[in-house]
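Have a look at the structure below before the remarks.
So that you can tell them apart, the chains are marked A, B, C, D and E in the order they are listed, and the count of residues begins at 1 in each.
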Amino acid sequence: MSDDNSELSARQRDEARAALQRDLPFALSPSGSFPSPEGGPDLLATSDIVVEAQQIAAVARYLRASLNYIYLSNITAVDLLAHGCFELVYHFYRLSGGPALTIKTRLPREKPELPSLTPFWPGAAFQEREAYDLFGIVFKGHPDLRRIYMWDEFEGFPMRKDFVRQGDKYLSE
Amino acid sequence: MLSTDELQINIGPQHPSTHGVFRLLTRLEGETIIELTPVFGYLHRNHEQLGEANSYLQNMPFTDRLDYFNSMANNHAYALAVEKLAGIEVPERAEYIRVIMVELTRILNHAGAIGFLFNDMGAWQTQLAFSMREREKILDLFEMVSGARMMCNYFRFGGVVRDLPPEFLPALQDLLEAMPAFIDELERLLSENEILLARTQNIGILPKELAISYSVTGPMLRASGIPYDIRKAEPYSIYDRFDFDIPIGSVGDVYDRFLVRIEEMRQSRRILLQALEQLPDATGSHINPKARQNVRPPVGDAYTRIESPKGELGFYLVSDGSTKPYRYKIRAPSFINLTPLGDLCRGHKIADVVVILGSIDIVLGEVDR
Amino acid sequence: MSIQIQRGKAITVDRRTRKTPMGQGLLRGLGVIWKHWSASFQKNDSYKKIQGTFTIEYPEERRQLPEAYRNMPILLYDEQSGHEFCTSCFQCERICPPQVIHMTQAKDPATGKPVPAVESFEIEYDACMSCGLCAEVCPFEAIKMDHTFELSTHDHPSLTVDKTALNRPTTYYAQIAPRMWEEVKENAYKKLAANMKRRSDLIGIAPQMQEQLREQLARAPQAEPAPEAVASASTTADDKAARLAAIRAANAAKRANSENGQAAQGDATQSADDKAARLAAIRAANAAKRAAQQAQASEAPETAPSESASPADDKAARLAAIRAANAAKRAAQQAQASEAPETAASESTSPADEKAARLAAIRAANAAKRAAAAAEKGQEE
Amino acid sequence: MPSDDAVQSDLEQQGVFFSTLNRFYNWGRRSSVWPMAFGLACCAIEMMATGLSRYDLARFGAELFRASPRQADLMIVAGTVTKKMVPQVVRLYNQMPEPRYVISMGACATSGGPFRDGYNVVRGIDLYIPVDVYVPGCPPRPEALLHALMTLQSQIDRQNLKQVRWYGKKARPQSQDFPVPSYGPHGLEIDGKLVDPVGSLPLISSYSSPMEGEQRRDQIEHPELVRVFPDMERELREETSASYAEALEGEDQHVRR
Amino acid sequence: MRDLIDGLLNTTLGLGAPDWLVSLISYVAIVTIIFLVAPFQMLFFTMYERRAIARMQDRIGPNRVGPEGAFQPIADGVKMFTKEDIVPAGADRWVHLLAPCVVVAPTMLLFAVVPWGPGMVPVDLNVGLLFFVAISSISAIGIMMAGWGSNNKFALLGAMRGVAQMISYEIPAVLSLLAAVLLAGSMSLVSLVNLQAGLPFVGMLAGIDLGLGWLIFTPVGFVGAICFFIAALAEGERTPFDIPEADSEIVAGYMTEYSGMKFGLFYLAQYILNFLLCAITATVFLGGWQFPGVNWLYERAISPANPAGNGLFNVLAGVLGVFAFLLKTYLLFYVMIWLRGAFPRLRVDQLMHFGWKFLIPLSLVNILSASLWVACMQWGAEQGMGAIEGWSPWARLALAFVLTFAINLVGYIALVRIQAPTRRRPSRLTGSIAVP
């Protein structure tokens, strides 16, 4: 079962990559723009499509219009502290079934800004607000970019890896 | 013309009908809503942050508490994610046990959702009592296998904790025997009831196109008329072995959502009957003996999703090669299904807000995480 | 566009809106309710029935709990020998998702070496999430899940339960979960027999059984403590530091205790303070140990000589210990001070102590961590 | 209750009438505990299950879940209390008229439970309001909640009409409004002082139970402390200078011994 | 009642008490009895409702306080009496305090006209129904005061809903009572009850008095009873019309800010009003105390008309009459509970819609039927003209039955057809994007 799916998803990925290469070559991110730390695990290495952060809206619209990935399921922010960047992971689907197409994009920790997908997928609104609240990633063009979980007066972004936490759980860290 | 003032009302965070702690900032004109903004975070329990401080196995009981109505389904999604990440095989018998548990979860969730719909509309708990009676019976079964009523913590990487006890299958047979009568009864209360029709029909219509662009999933998406069920669209586990139908709605209003749920309960019962039939032939034990619970997956990431009773439940895990996930993200169906709430409620009355909210079937544990 | 559905089809649900509503839907609804009302004079005791009174009148009637039911963890001991199954392997403490289990390993008073037995064992029932992972990972079948759920109390501190309250005889467990106990019984006793050889004196005897077994044990020949695998680790500097920290913290706690004893407050005070301090000590010790191990692990790839590393670690651990000790002392003093004016409110002070102690432990751990990191950095430079 | 016997004998001295009245009063209150329809998280579902067919809280006369705090006697804090939710919970509690009781249902409400190390989770509701009965369990079985209700009833039985709050200005434990925390940039604040920082342990201690006088067990510990122990290093130095030598001494002794 | 006291003092004891003293004594007695009976009814009703609804939900209900939970309402009362009394900050203190009294007082007054049994009416007003209708609407003021005085948005919303609902449903209630008044030709509740002697469908025509000639057995009475009962549900704020205190929408409506005994008074008023509405329905449409045997007993009892009667019969008639009356009332209340157990509530606009567009027209149709009925039955008796002048009373009755039945049925079907569900446009949605 899972073999079929992984094959299918690899094929989907390759198709999408080829199409992007053909139509939006500038959007595909040059690999290695962020350094990998020595010794630690390299979390940047991936087989998924990595795109330029500022082009994410263009890529997403292209995927929807040309490749029929009309369903934006999931937006995840990952704080790669050791690499000095945030990674945003988008999962798209076709309504005709099949596994997800994963699109990744990276942006520097110092100035995490990228275009919002909310104008095109209103369903992204809450997910982007969540990423803003917990990671401090700014989505340009989001109509209502406020904190979603924490109160408005709160300062800091608690899901960042360098947010100080205390408690029994963190004793061993 | 009379000029009327707008009235601002906070529904929640403590409000009897908000399905948890949840605030709806509403601007009213008379009793009609002109704007509604949901505010959450009142149950933001830092699942993701704690998940990154826990080892993979330690996260399993935390997934129970995401959508506390459907702990088994959450377990399943998480187990699938870790299994994908670490490349663990699941024996066939374990898969059947999983499917049985998840489908029972679906029945109890939908029964509960319908009960709560009545409650939200002001019935005095009666229908909820009927739903909860069935839920109690299903919880008895869960308790039998896992040891806990709600927080089952039953799934493990590569299988389930323990095999079905001998008294489980007869009890399940009995339950399934009584199930059609219960569903019929619920439907008799629900459909054709004039008050209910007046309260639910053409309320909170979500058109197809909007449902997709709002990333809505689960019964809500299907009620809008899109036959998208992950069990069919991207079959996981052993769902490709069962015959079952996808109920879809035609209008996309509250009424359709609940008819879809009722029909899904029937389909779940079908799956359960098939699973019970095929279970004795299934090979393997209840857990893959080679699977280590203290997993240390290779560096990489995995995203898996299942059709949880509320919609698409996904887990996105990033492993840095240690025993703890580097990133533990939950794609919660209720959270994203809530996005269109403001639009759905505009122009309706306050009383409808409660009904629409009930029809989305949210659980705040999952929305706020 | 639409999805290809195998083995099934998409069906549109029937909205049944064609009929003119004449009130018949309402009457049918009333009919359903009437059926329930009229059937409610019988009991619904079968899964096949959907009508009838479903209530179990709890305090008088109780439902049979399934064997697998889990509520709170308990510890088992063997009734015959009085020995506890627990060997303080720390598996449960490590796996516990909310980190509510705290334990210390027993030491042979003669040699100071660790013995596979548990000295103190505390579980914070008030934060336990009843997941059952501790019982699952325990290799010695020592920790099991209880069926008792009637634990509600007005006394919050009493929900931190120590070994005496946790211990249950095996017969108790065999009674609540006969099948599950039968499965693991043999294994458990085999392992216990092996461990009993390595325990001396009253170590590892359940407190409930100690009185009973004291004379009996005194007559028995002293078992020679076998050389242990754990002992080899004790030679490293880090472990020593950690142990020192633990001892130091324990000493501080003891001191605090004795001061309390002199102040001649009630026994309750003493035990409460003792508990808090002990918790602190346990945590500080464990944290320091972990920090030290971590530091060691991070050293491992480097070729730097261990001499330069160990003092730093030692220092870190020592600092941690000092802090823990100070905190514990302060907590005790504070408790004493706050007690002085009101003699009656002895119980009320303990949570504050406990919190202070917890705070102390966490701080100690942090300090240790930081010191270790600093040491590491220093080495790199 | 240590004070209970004294109170009882005190009552006996005052005459049978008063004692009987007291008993009648307590009987009325214990038999008619109306909970507030107030659920927070997982435990709320079990609370609902307790109210419905299988367990039937109604048998104790406690099924009338009132939506308004004004009409409720009992607040069942069922579920995780987050920092964002605390002000509302305290406000609701303040809105409840005396006599009012609180059952802290489940691990989360009691101590933060499995989520206690989360940055947004409060380590027990008793930091902000006094709790009468704690029910451990995650979530407690419905039977456990019924048991908690019975525990509460036995506690009400021991209450004394003379010490009931709000009757007369002179009654000793006065009915009080508990301070409602407000949101601050680093956590919850009371009167502008940080009391429950995000990502750290609370800087206040819990309330004692109402039977013991409803006092905060300890006052704000480190009102000056902002954020997660930034003064750690300074503190470290101070302590080191003072007690390092002493500790070393102690260690030497230990080693020698 | 006054007759009873009069007889007791002057006839039996021969004291020759002056008129004013008799009146005074009788009023004091009446008031005392009412004040004892009303709270007892309320206590019983709360318990009744809780136990009955528990049974509908497969559970048991309060059964631990006293034998089978019998003392549960008393415990509730004790608790409510001893609960703290809160006046919210910013509330209009006096309005807030007075509101419960304004709600309770009229409901107590209503007891004055309820005929409990033969000769057992506290005050036999000749405009009893008018009194009932007029007084029962006073509590709307109290509700508005409660909502306004509480300084709470939910309370205000609830009060607005409550007042709107009460006023709207006064109209169908009055109209459906009017049909009954037409039949009886009197507004006195006693004469309404007396009208309903005899056999079902035929009344006193057959000359046999079983006390079953209830109005509900006629088409006019049936529709009137249904209309009045529905309106009563709305006035008594019962499901499916419990919108003013819809706890899933507006917390507890106008009662949101009330605690302790002030809330207890609202509670009291509500249940007493429910009792009274059931009682009036029973009186007007179900024959009140009419029951086989009651009249037979009463005719043999002492009364001004029959001074030679037996005093024991008086007591027996009273007991049986009260029993019949309460039985009917409780059955009607069971229907209320049943509805509460079965149905969700309507939305506020649907409630208005139902009241104005369905219930009022239906009761108007019913008034038409009622006048036809009266015409059929009485035409020619005095006027001495018309086509059916010479018909026997049985034929007239049959004609009246057929006519009114047809009119009412046609009216009902037509109204149902008109009420065909209106399709609502989907609300304006933002962010709609065409998706392939």
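By our rule, a contact is a pair of C-beta atoms (placed from the backbone, for glycine too) under 8 Å apart; a residue touches a chain by one contact, two chains touch by 3 or more.
In this text the structure is predicted, and so the values were computed from the model without any measurement.
Note on connectivity: the fewest chain-to-chain touch steps from chain B to chain D number 1.
Measuring from the average of all protein CA coordinates, the nearest chain centre is that of B. Counting C-beta pairs in contact across A-D and across A-B shows that the higher total falls to A-B. As a whole-number value, the distance joining the C-alpha centres of chain B and chain E reads 46 Å.
Centre to centre, using the average C-alpha position, chain A and chain E are separated by 65 Å. Averaging C-alpha coordinates per chain places the centre of chain D 47 Å away from that of chain E. Averaged C-alpha coordinates give centres for chain C and chain D that are 23 Å from one another. Annotation for chain E: residues 56-60, 247-248, 251, 341-343, 421, 430-431, 433, 435-436 touch two or more other chains. Multi-chain contact residues of chain B (touching two or more other chains): 15-16, 41, 44, 46, 49-50, 53-54, 61-62, 125-126, 129-130, 133, 136, 151, 189, 193, 195-197, 201, 212-214, 226, 228, 232-233, 240, 340, 368.
Shared interface positions of chain A, i.e. residues touching 2 or more other chains, are given as 70, 95-97, 120, 122, 149-151, 158, 165-170, 173.
The touching residues of chain D, when paired with chain A in their complex, are 84, 116-120, 183-186, 198-201, 227-229. Interface residues of chain C facing chain D in the complex, by the touch rule stated above, are 53-59, 62-63, 71-72, 97-99, 124-131, 149-156, 159, 244, 247-248, 251, 318-319, 321-323, 325-326, 334, 338, 344-345, 347-349, 351-352, 355, 358-359, 362-363, 366-367, 370. Every residue of chain C that touches chain E in the complex is listed here, in rising order: 1, 17, 20-22, 26, 29-30, 32-34, 36-37, 40-41, 44, 51-55, 57. Residues of chain C touching chain B in their complex: 2-3, 5-17, 19, 21, 23-26, 28-29, 31-33, 36, 44, 46-50, 54, 65-70, 95-97, 129-133, 136-137, 145.
Residues of chain E touching chain D in their complex: 50, 54, 57-65, 69, 71-72, 74-86, 247-248, 251-252, 255-260, 263.
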